[in-house]
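Quick heads-up: structures coming right below.
What follows is a pair of complexes built around chain A, which joins chain B in one and chain C in the other.
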Partner chain A sequence: MTLARPNLRAQATEARLQALTLPEGGAWARAARMAALTRLQGLGLPVRRDEYWRFTDPATLTAPAPAPAQPLADDEAPAFAGIDALRLVFVDGRFDAAASDPLALSGVTIERLPDAAARDIHWAQGLYGVLEAEGQHPVARPLAALNTAFATDGVVIHVTGPVARPVHIVQRHEDPSSDALLHHLVKLDPGARLTLLESGPAAARLNSVMEVEVADGAALHHVRTQGRDHQRRTATHVFARLGQGSDFRSFTLTFNGVLTRNEMVVSLTGSDAVAHVAGAAVGDGDFHHDDTVFITHGAEGCESRQVFKKVLRGGATGVFQGKILVKAGAQKTDGYQLSQALLLDESSQFLAKPELEIYADDVKCSHGSTAGAIDETALFYLRSRGVPAREAMDLLTLAFLREALEEIADAALAEDLSARLEGWLARRR
Partner chain B sequence: MAALDNRTEAPVMEIRPDALQAREAALDVREGVDEATVAAVASLGAYKYGFETDIETEYAPKGVNEDIVRLISDKNGEPAWMTDWRLSAFARWQEMQEPRHWPLLDLPEIDFQDQYYFARPKSMAVKPKSLDDVDPKLLETYKKLGIPLKEQEILAGVERPEGEQRKVAVDAVFDSVSVGTTFQAELRRAGVIFCSISEAIREHPELVRKYLGSVVPPSDNFYATLNSAVFSDGSFVYIPPGVRCPMELSTYFRINAENTGQFERTLIIADKGSYVSYLEGCTAPKRDIAQLHAAVVEIIVEEDAEVKYSTVQNWYPGDAEGKGGVLNYVTKRADCRGDRAKVMWTQVETGSAITWKYPSCILRGDDSQGEFYSIAIANNHQQADTGTKMVHLGKRTRSRIVSKGISAGHAQNTYRGLVSMHPKASESRNYTQCDSLLIGDQCGAHTVPYIEVRNASSRVEHEATTSKVDDDQLFYCRSRGVGEEEAVALVVNGFCKEVLQVLPMEFMVEAQQLVAISLEGSVG
Partner chain C sequence: MLEIRNLHVELEEGAKPILKGLDLSVGAGQVHAIMGPNGSGKSTLSYVLAGREGYAVTEGSAHLGDIDLLALEPEERAAAGLFLAFQYPVEIPGVGNMVFLRTALNAQRKARGEPEVSAADFLKLVRQKAQALRIDAEMLKRPVNVGFSGGEKKRNEILQMAVLEPRMCILDETDSGLDVDAMRLVSEGVNALRDQGRAFLVITHYQRLLDHIAPDVVHIMADGRIIKTGGPELALEVERNGYADLLAEAQ
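For the complex of A and B:
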């Protein structure tokens, strides 16, 4: 007698799909969503035994309903409060027009995704789901396909010239059972420049996709912080396509969260493009933080740089999966990747898979990965100078994270995030 | 029971007169090798060992099934428990599937029923009592390969200071059987057992039964399970407590018969406080059809014992178009069972169409140590997916990985490794360095390390770099009148220095030459 093994993937996919309905929209949007749904059905949702989910269990991200997560009582100033930016507010994954600034800023047009999707013809057609579909190879990212098919809200940003102020996507989490599906598009015309800020937490469970097209000579500076509430679960994808001589910089700061998976999929398609992605994560207890980065060098003379640092305490888990793929012909590539974890106690763990896959010979690629406890000698030195133990630990922890924070090109933004980090450490002292 | 059929292989030797002269000039003539051998070897091009021995061979019928497993067991005169062990492995294997998706390899489909699983020279049907009785053709083969089967002889090509006497005991495996083991008497006086595994199963069943499959279980992976069912011979080493093995031990594997898979099994046991250095070498004739070689090596290292295992793998790599060559799918694992046990793997992988192996260390005893030094060279259409696993279970365990990968031509070369620090392996350390060198824009070099740190007092450091051969260094050599290929060989030898230095002296000389030969034709 043979027993058919239950197909966990098919079951999970079926159950999740039953809890969702395709949003209304114009012809292009409907076509893009249907195509994404077909992709998703072909791939199926991720399961634990998938190689790409080796270190992170996707079950709570793919479950039909989110696990409840209590919002954190607001006890500190909102992120980037001191930065003069155009604010777009989302509450539990829904755009809040009353709380947001008017969508008017010179050099840029900003629309809500449902508005753009309702139109029969829109430039978003050339970007929505396009980079996500390209990013499904060589590794499947089914959560992103699910997002393209079912995203209910988001912003569509088209940058045409110089923009006076940064755009800030403010996300608030109020409902303990909210399940947000956000999809943002950012398109930069040749030579355009934008600073895009994101702050969270967004919802009890967030699935977010951002597709970024950086045309020749354009520059996008993306800085985000993912909130302090502990029970939330987050899966984000950023898909970026970089044109010739363009510049893309992205930095993410994560505090806590039961589960965070940040995927960054960057494709350098024009020569001499530059991509810097970095992140710092701090957490304790059942904190699980996963940075998954895939950088494809498809043109000559490009530079990519990854710097990821994690501080783990009280049974926290840090994951880093980073890959640099250099295609044949992508000569003069400069690729660098650094992943480091500071383990503050015995029960925490760091799991890493830093990969290089290289098909061109005239390249300079390297990666480094370390994991270990705080340096006892440095600690002893500080203690001998009269610094109390906990303070000394914090000082060394901040020093460890500094290298990642230095990746933020703007001093005011770096200062804002640095102060929040110090606050987080101080509260735990 | 299936019957043996007899076949005689015709020699396959193609001589290209135009290439011959050029090769002759390029080849270095080893000491003690006669002119005729040199001429024969030169005619085969860069792969010196591609000749075939014309010898009458008896085969088991093609294919694998329970009868074949029983036949192999019967041919080796094994007791019933061994036959059952093989049969249970075979039953497991039939339920398994070849893992084709995860390695960065383009794996050819293997028809497991179109292979011979047992081949031995007819003259070996009755095992010769001493080397004097061995078929002269076999002895000639090993002589051509530079392997000393005469005792007191040292390996060719190595110069030694006056007065230094260094001996190497050799177990020579030809197709499916061990031809002979040298220095057995002298080793026996020291208490060391060094013989073929088939002999060990008969003579020392208590040791084999205790340790066989205890490091690589019969169901470990697809090819290890197949090996458990059909392995025909291999080497067995037991070093008793407190004994420092008086000489280096060596096994030399040779595939000769066509369409024959070689499945050898090596079992090394270093009892408390003992030491042994073990060398492994291998070659095969040039053939158009890929040949499967799926070996298993198990090493048990008890308290305070130390094992050094060095491999120079020079299986036939296939021709410049990627036709033929050996498929080298090997499982090698060492288990540091006792405290302060130490194991060191050193490998120079220059041959094989596909190399797919991860010599690993299980660091179970407290303060145990594992080291892995590797040079993997892939040229033309060769593929390699190789690396190591360091599993830290004991406290204060230490491991070190130094991997040098070189890709040229259309080759793909991958380092894949695991460093795992278990929660109880406190205060452990690992240092990993993986460097890749690319020669030409049609090849690939990849690094896939897995790092799992599950306790905070351990420290793991991993570094990897990928670059091309330095133009400045090449230019410097060229400006001093060094030829282009020679200059590349020099630079590559420098790149590999850290690994070459830890090789036993016999292998260091051979490895340096191999590095140069393997890269022939990769520039210009």
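For the complex of A and C:
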């Protein structure tokens, strides 16, 4: 007699779908959501035994309901408070018009996703779920398909000309049981430029997708910080498609959080495009932080650069899965990847899987991954000059993270995030 | 100023004895030199005084004035006025030289209950001291010792000493790797700090430094002990004849 092995994936997918309903929308949105639902049903939600989830258990991200997460009561100044930006506020995954600036900024049109989705015809049709669907190969990303099908809110940004101020997506977490599904679209016309800021924490559980189209000669600078709530869980996907000579830079700072999975899927489709993705993450205890990056070089002369640093303490876990895929014909590719963890004690761990897959012959690609403790010699040198042990550790920790922070192309933004890191170190979380 | 009595030190790993009953007394206002063969324990002595981990003091004592050095953390020893110019200064990528120096100075002042030095005053102070040592502003902006030449690292040690104004300065082979001009600058830096309230312990292999910094007392160290103490003429004797006779005499 054989016992049928319960199909965990089918069960998890079924249970999750039962807790969701397809949002209202016009014809194009309805079609995009249905297509995503079909994709999701074909793939099923991720389970721990999937190769892509070997180091990170997706169970709490796929569960029908979020585990409760208390918002952190704290008097730290909000992120990017000193940066003059157009603010779009989401509270627990819902747009808060009263707290937001008017959606008017010259050089850019900004709409809420539900408004764009309600229209019969909208440019968003050419982007919504499109990059996400392309990003399902060669590795499945079912949480992103789920997001496309069921996202309830988000912003749809179309940059046509010079923009005077950054756009800041402010995400606040107030409800301990909030479960947010946000989907943002960012489309830059040829030659357009935008700085896009994001700050969290967004909700008790967040599933967010951002699809980014950077046309020829356009530039997007994306800088985000994911907030300090300890119990929050987050899965994010950024899908970016880069045109000829375009420039995409993305930096993520993560504090705390019981689970964070940030997937960054970048496709360099036009020649001479540049993509820099970087991140710094600090956490302790049950902190689990996963950067999963997939960069496809599909055209000649492109440059990609990944710099990820994590500081782990008290049993924290860091994960890095980074792949550079160079397609046949993508000659003169310059690919660089660095992932490093500073382990402040022996109970913390860093799991890294760097990968190169190259089908062109004239290519320069390198990767390096290290995990190490504080440099005792440097620590003693600092202390011998009178710097107390704790302060010396902080100096060395910041020094370790500096290489990642230097990837932020704007000094004021780098300064803001650097001050936040110093605060985290001073408070000890 | 510095009183070391019967100091026995072994490596924590493997319990290998390095210092084997060392006695040394350096009075305020004095400059003492220590010479001795490679591996005799000179750097070990300086590290143990500065509080480096990895050494076990099994016997003896070391006091700075009436302060029991061995009971203090490294940063407390620094705040109490002890300074070690390292034989091999450490590179610290990502930490700027200026941030490092200012953090150190203010941490020491705070520990002593003195007010912190303002950013402007600090800049003035460092510029003035750096100029005397011919350390240019560009070097100060770089991370601590990163990409510095051997001689630049040694000059940077003396700059730190000049800014921190310790009362007990230990210089471990600060002269090694210095060109003739740098040797003169470093010596001038040391001589400028010489006064009644301060003492120096200068570890060196060469008479040349002692031409510039005239020591009051010269000690010969071998196998973890001071085997002979004398005046400046002792250094000249080592320069001429090496250690063989002195070692034989001590047997």
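In the analysis below, the second predicted complex is superposed on the first by the 428 of 429 C-alpha atoms of A that agree within 3 Å, B and C clash if a C-alpha of one lies under 4 Å from a C-alpha of the other, contacts with A are read in each partner's own complex, and residues count from 1 in each chain.
Keep this in mind: a residue touches a chain if its C-beta (ideal position, glycine included) is under 8 Å from a C-beta of that chain, and two chains touch if they have at least 3 such contacts.
Just so it is clear, the structure is predicted and the values come from calculations on it, not from any experiment.
Visitor: Would you check which partner chain A:Gly386 touches, where first means chain B only, second means chain C only, and both and neither mean what they say?
Guide: Only chain C; A:Gly386 stays clear of chain B.
Visitor: On the A-aligned overlay, A:Lys327 touches which partner chain: chain B = first, chain C = second, or both, or neither?
Guide: neither
Visitor: Please work out whether A:Ala378 is in contact with chain B alone, chain C alone, both, or neither, and reply first, second, both or neither.
Guide: After superposing on A, A:Ala378 lies in contact with chain C but is clear of chain B.
Visitor: A:Glu403 contacts which: chain B (first), chain C (second), both, neither?
Guide: In the superposition, A:Glu403 touches chain C alone.
Visitor: Could you say whether A:Leu395 touches chain B, chain C, both of them, or neither, answering first, second, both or neither?
Guide: second
Visitor: By residue count, is chain A touched more by chain B or by chain C?
Guide: Between chain B and chain C, the winner on chain A residue contacts is B.
Visitor: What does chain C use to touch chain A in their complex?
Guide: 50-53, 73-75, 77-79, 84, 86, 89-95, 99-101, 103-105, 107-108, 111, 143-144, 160, 164
Visitor: Where on chain A does chain C make contact in their complex?
Guide: By the definition above, chain A touches chain C via 375-378, 380-389, 391-392, 395-396, 398-400, 402-403.
Visitor: Using the touch definition from the top, list the residues of chain A that touch chain B in their complex.
Guide: 51, 328-329, 331, 341, 343-373
Visitor: Could you list, by residue number, the parts of chain B that touch chain A in their complex?
Guide: Checking each residue of chain B against chain A gives 102, 104, 423, 426, 436, 438-468.
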